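Listed next: structures, encoded as structure tokens.
After this come two complexes, each holding subunit A, first together with subunit B and then together with subunit C.
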Partner chain A sequence: MKRGIQRFFDFERSDTKLAAVLITPTFLLVIAVVAYPLIYSFIMSFGDVEFANIKEYNFVGISQFVRTFTDPEFINSIQVSAKFVFFTVLFKLVLGTLIAVMLKEKFIGRSIARALIIIPWATPFVVVGLMWKWMLHSKVGVINFFLERLGIIQDYIPFLSSKTFAMPFVITADVWQGTPFFVIIILAGLQTIPDDLYEAAHIDGASGIKAFFTITLPLIRFPMFISTILGTIFAINSFDLFFVLTKGGPGNITTNATLFVWNNAFKFYHLSYASAMSYVILMFSMLVTIGYVVIMRKIQVE
Partner chain B sequence: MKTNFFTSKKRKKIILYFFLTITMAFFLFPFYWIVMTSIQPKGQLYAPTPNFIPKNITIDNYINILGAGKVNIAIALKNSLIVALSVTVVCIVFGIFAAYAFARLKFKGSNILFFALIFAEMLPPVALLLPFYLIFKQFGLTNTLQGLVIMQTSWLLPIVTWILYSYFKTIPKDLEDSARIDGTSKVGALIRIIVPVSLPGLVSSGVICFVFSMGEFMGAMAIVNVTRFHTLPLALAQFVTKYSIEYGKITASAVLTIIFPVAFVLIFQRYIVKGLTAGAVKE
Partner chain C sequence: MKKFIVIGLVLLVSVLLFASGKKEKEQPEGKSEFEGQTIVVKLSPDMAMSGLKGVTEQFEKEYGVTVDYNEIGWDVWFPQQAQILATDEPLDVMGNGKNAWIEFPDKLTPLTDIFPDVFDEMVPELVEYSTLRGEVMAVPFLPSYQIMFYNKSIFKDAGAEIPETWDEFLVTLKKLNDFNGNYNYVADWTTENYFLNFILTMQSAGVDEYNWIDGKLVFNFDDPGTVKAVEFHKQLLDQDLIDPGVLVQLQQEVSSLFDQGDIAMMSMWEMYAGFLTDEQFENTGYFAFPGMKAGMTGTLDGHEYLMIPKSAENPELAAEYIRYIASYKNTKERSIVDKSIPVYAAQFKDQEIIDALPYLPVIDLVKKNLADQFPPIKSTYELRIETATQIHPAILGEISIKEAVEGLQEFADAQESVPQ
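The block that comes next holds the complex of A and B.
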């Protein structure tokens, strides 16, 4: 028996045994907390379980999935998510690239600026939400104060309960939090570009904006691409900001898919329906991830 | 004349500083503003013209929220720190194991398992939450700090494994081989050679775990609903939705919430950049 144990723990001869021991804790957790729930909610989505009858499960086929595609509220929430993802990722990418280019230049206080720009990324979304909620306050908000002083608005506006402004300001708060991540990734890419490339281009008559489009942009397309994909996945899953800033309102103008599923699961307890919807969101995320893997492979082959 | 405008170094510097100032103001003003709000007496906050320079500074808000009130921030702070530190330690230890196996050992199915890990990371959390809640309920893990640690660890382990994997890959194999020739075992080489050399990678993934855990909200809200086990984001959200008039106290709580993550990020800034960009930049 003792010898058996000793032989099992003899890792010197076989990599497989040691690997098995080393990856077991990680995979046990991932299976318990990711794979099992996935199967659980898959089964749930083919039933008709509500919180009131949680012990009863009747198989109802794909009717919950049919419901997702005919429910105008769910379709609305998908549209809200799409709008949010598109604008927030676009702004983060453009701003992130411009700021990264600025922070690559030599100037006094550069290392301080590079350090400070990361702080929003370390700020929890709940804090981001309440910061902006306070700054956007309809009576004493500092943003209303600035806009009025600058003559842009005549009267204070309750931005977060306005149909026109609620969504743009949720996006603004998200861009504020998420741009630093893009800056970090893109700046790291910029730093791998050797200076002589620009000097050579300068001699050829390409500098400034022209050099940016002909040299910089092609060379940072890989980090730009990665931050875009990751940013897209973060944005699809965005929840905290919506919850704190608007709770989905006014009406359902800022109810994104994640918030809608959350409400159905934990507020109205439509367990089966929520599971079916979460699978629809999962499919969208998977499409993004697969696109990511495919293009990554392509870039790596190059 | 036009080319002169763009090539002139001085002009370029001025333009650069102009946009830098706007950028830094945009990203830093909100922090200044919540700190300012948190150190002012209540009456002053609702004046028609906001105060941009501190006046009548008070720490009443901080004293208030740390005492036993409607929302107890002291308990939430303690819970958050316990959870975040546990998550960080567990993730680092298990992450080292798994990353070493994937980076250095040859075994069947390693590619598929590694892909499965990345796949798990990309899943939308909201798709997992409901079954999570029901399963945790069965095992008595709802409304416990252990439940929070298990949940967050499972979300972070794939990313930690990925960062450490990229890091281990950059360590030259000779380093390990020479130790192995001297008779060190594989496990010995991992602990004595790989781990010390990868300290920057460990620090960076540690801080990422800590920051994520301190801010995690949706999952915590799903499995915790008693104040005693509230973490900081839960306590803050409750503050905002229920007592939204008390912005002095709310911002004071917000400042306490971000102090630790922000301090760690500033101290370990260089490492974090390395960790976040692992794999994103072609070497």
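The block that comes next holds the complex of A and C.
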């Protein structure tokens, strides 16, 4: 017994044991703060738990999940999320690629430009939200000011109160904040492309645009996919910007799925229903991600 | 080497655990039957105002007890209080609004027999407000009504009159806007809070938000007066009298805009007067929200109360603490220093308080026309969000007002009522 204990604490002999000891606290912490809530909320989604009866769990089968597909408010919030995800990821991908290509080129101040481009990504969502809220203000907003000075508008527009403009500007704020993430990943991919390929293309008479489509794009497919997958997951889970910019308004025009779940959990106290909706959102995220991965593999095989 | 790293880590963790275990708060000195005991108190900062922390420290000293005193901002406190009540988390004193006893009536200690003497002296309508099925559930501590604040200088310079009706309000607002080029009326019409202004305006059209008819809760959202109220809001936007950004303007932004001194009117809780600087306070006047016709008005309640959850570990000391902080003397001090509305009937005749609270006549005028921000249903918040979902498109001109109020009525009719 004594020898057994001695052997267990003899870390000099085994790296594995030391690794296990050092990893254990983190592993336990992850189980406590990630695995446990995930499992607990999954169980809750099959019950009828509200805050008022939080200690009484009645199994109700899949009725909460059925409710998600018949609730017009949740369906509306999914549509809002879908629009948001589609446009933010598309714009970030296009802009991110263009900016990354520009930042790969050698020019004076490139290092400063590369550092500056990170700033929006490093800014907390709440700060981004507040900043855009003031920029878009219907009375003192700088965007209204410039648009009026340029003669594009006659009167200031209440962008965030408007059915037409509220969603596009939430998307704009998110694109501004999230594009640098795409830039970083795509730029990293660009830097792995050997210059020889461009030199050879140049000798063969290929134009810059042709080289971009035949060399650059195919070789940055992988980082583009990675950034698209992560960008999609971030966009599906987006909450802060909606909360700060519009709180879901006017009406429910900008109430996305996560804000709707939050309202249900912490304002309406429908804990089981909120859990079920969270899992439906998770399912959508997983389907989208799996779809991306399948496409990526197919392209790689080809 | 590896062995030393592991031993070092174990020692470090042990030392930290030992040190944290040794940390115990020193008990203050004092003499009372409760000496050495502790209670936990949680409430919002607006309820605490500037003086409650000091009064609590005084209580600790006098009684020789420890009060674990926590002020928590509303955004966090609202879900947290529900969690505390739902899970029976130990808490001795809770500051909250009507939603607590509407949503969690069985989680609160009935107080009728604990503070009979206090309730006898307090303002009857405040005690009645917290009475559920014959039991008083909470002690009035921060009565609050929404009224109109106005900037005296702007009104004077623009030659504007205090409006009493909606028509007069439109005229006054136009005059003020033309005078300084600003939108001179600010309010919180966000998705989350539009409901409050909506029911307030309904009330000022003479429509009660709901009635009990033969024991059944009946909402009045499809009343012709409600349609008029929505038309009034639409007029404000259509005539460009109110900032179209009002739909995303939070309460904090509203008060901050008014504080800057170049906006003439805001709809706000009267307690906000306590947060004005001396200069702002001197330059601020108050009037009742204008009515659809002369003599009509409306207001909202934002009352906050002190409660003892059933999960309290020391209900006796909690009751003593409430009795102490809600005493005549301490609440009088709150009224004078923090401009809070009195809770004792006799305080309304106290000249020192009357002198300190210039809005008291307005409160007298409006409090009989009270819209209930917590109607007796368990889904108040869903009703709030649904109100904005239905009515915002109507005031933006995307759907008809009739369609919007009917949609809201249909939603409200489907809600489960809480028997009174």
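Quick note on the criterion: the second predicted complex is superposed on the first by the 273 of 302 C-alpha atoms of A that agree within 3 Å, B and C clash if a C-alpha of one lies under 4 Å from a C-alpha of the other, contacts with A are read in each partner's own complex, and residues count from 1 in each chain.
The rule is short, and it goes like this: a contact is a pair of C-beta atoms (placed from the backbone, for glycine too) under 8 Å apart; a residue touches a chain by one contact, two chains touch by 3 or more.
As the structure is a prediction and not an experimental result, all values here were calculated from the model.
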Which of subunit B and subunit C A:K55 touches, first, second, both or neither: second
Subunit B versus subunit C as contact partner of A:K267, first or second or both or neither: second
First (subunit B), second (subunit C), both or neither touched by A:V80: neither
Touching partner for A:K139 - first (subunit B), second (subunit C), both, neither: both
Touched partner set for A:S275, first subunit B, second subunit C, both or neither: first
Subunit A residues touched - subunit C or subunit B, whichever exceeds: B
A:L18 touches, of subunit B and subunit C: first, second, both or neither? both
Partner chain in contact with A:P158 - subunit B first, subunit C second, else both or neither: second
Which superposed partner A:P250 touches (first subunit B, second subunit C, both, neither): second
Partner chain in contact with A:V170 - subunit B first, subunit C second, else both or neither: neither
Contact residues common to both interfaces of subunit A (with subunit B and with subunit C): 11-12, 18, 21, 133, 137, 139, 247, 266
In the complex, subunit A residues that touch subunit B: 11-12, 15-16, 18-23, 25-27, 29-30, 32-38, 40-41, 44, 99, 102, 105, 107, 113-127, 129-135, 137, 139-140, 142, 145, 176, 179-181, 184-185, 187-189, 192, 207-209, 222-223, 226-227, 233, 236-237, 239-240, 243-244, 247, 258, 261-262, 265-266, 271, 274-275, 278-279, 281-282, 285-286, 288-289
Touching residues on subunit B, where the partner in the complex is subunit A: 6-7, 13, 16-17, 19-20, 23-24, 26-28, 30-31, 33-34, 37, 45-50, 94-95, 97-98, 100-102, 105-108, 110, 113, 116-117, 119-120, 122-135, 150-151, 153-155, 157-158, 161, 185-187, 211, 214-218, 221-222, 232-233, 236-237, 239-241, 244, 247, 250-251, 254, 257-258, 261-262, 264-266, 269, 272-273, 276-277, 279-283
Complex contacts: residues of subunit A adjacent to subunit C: 9-12, 18, 21, 51-55, 73, 133, 137-139, 157-158, 160-163, 166, 245-252, 255, 263, 266-269
Residues of subunit C that touch subunit A when the two form their complex: 2-3, 5-6, 78-79, 82-83, 85-88, 103-104, 182-183, 190-192, 243-248, 250, 378-379, 381-382, 385, 388-393, 396, 398
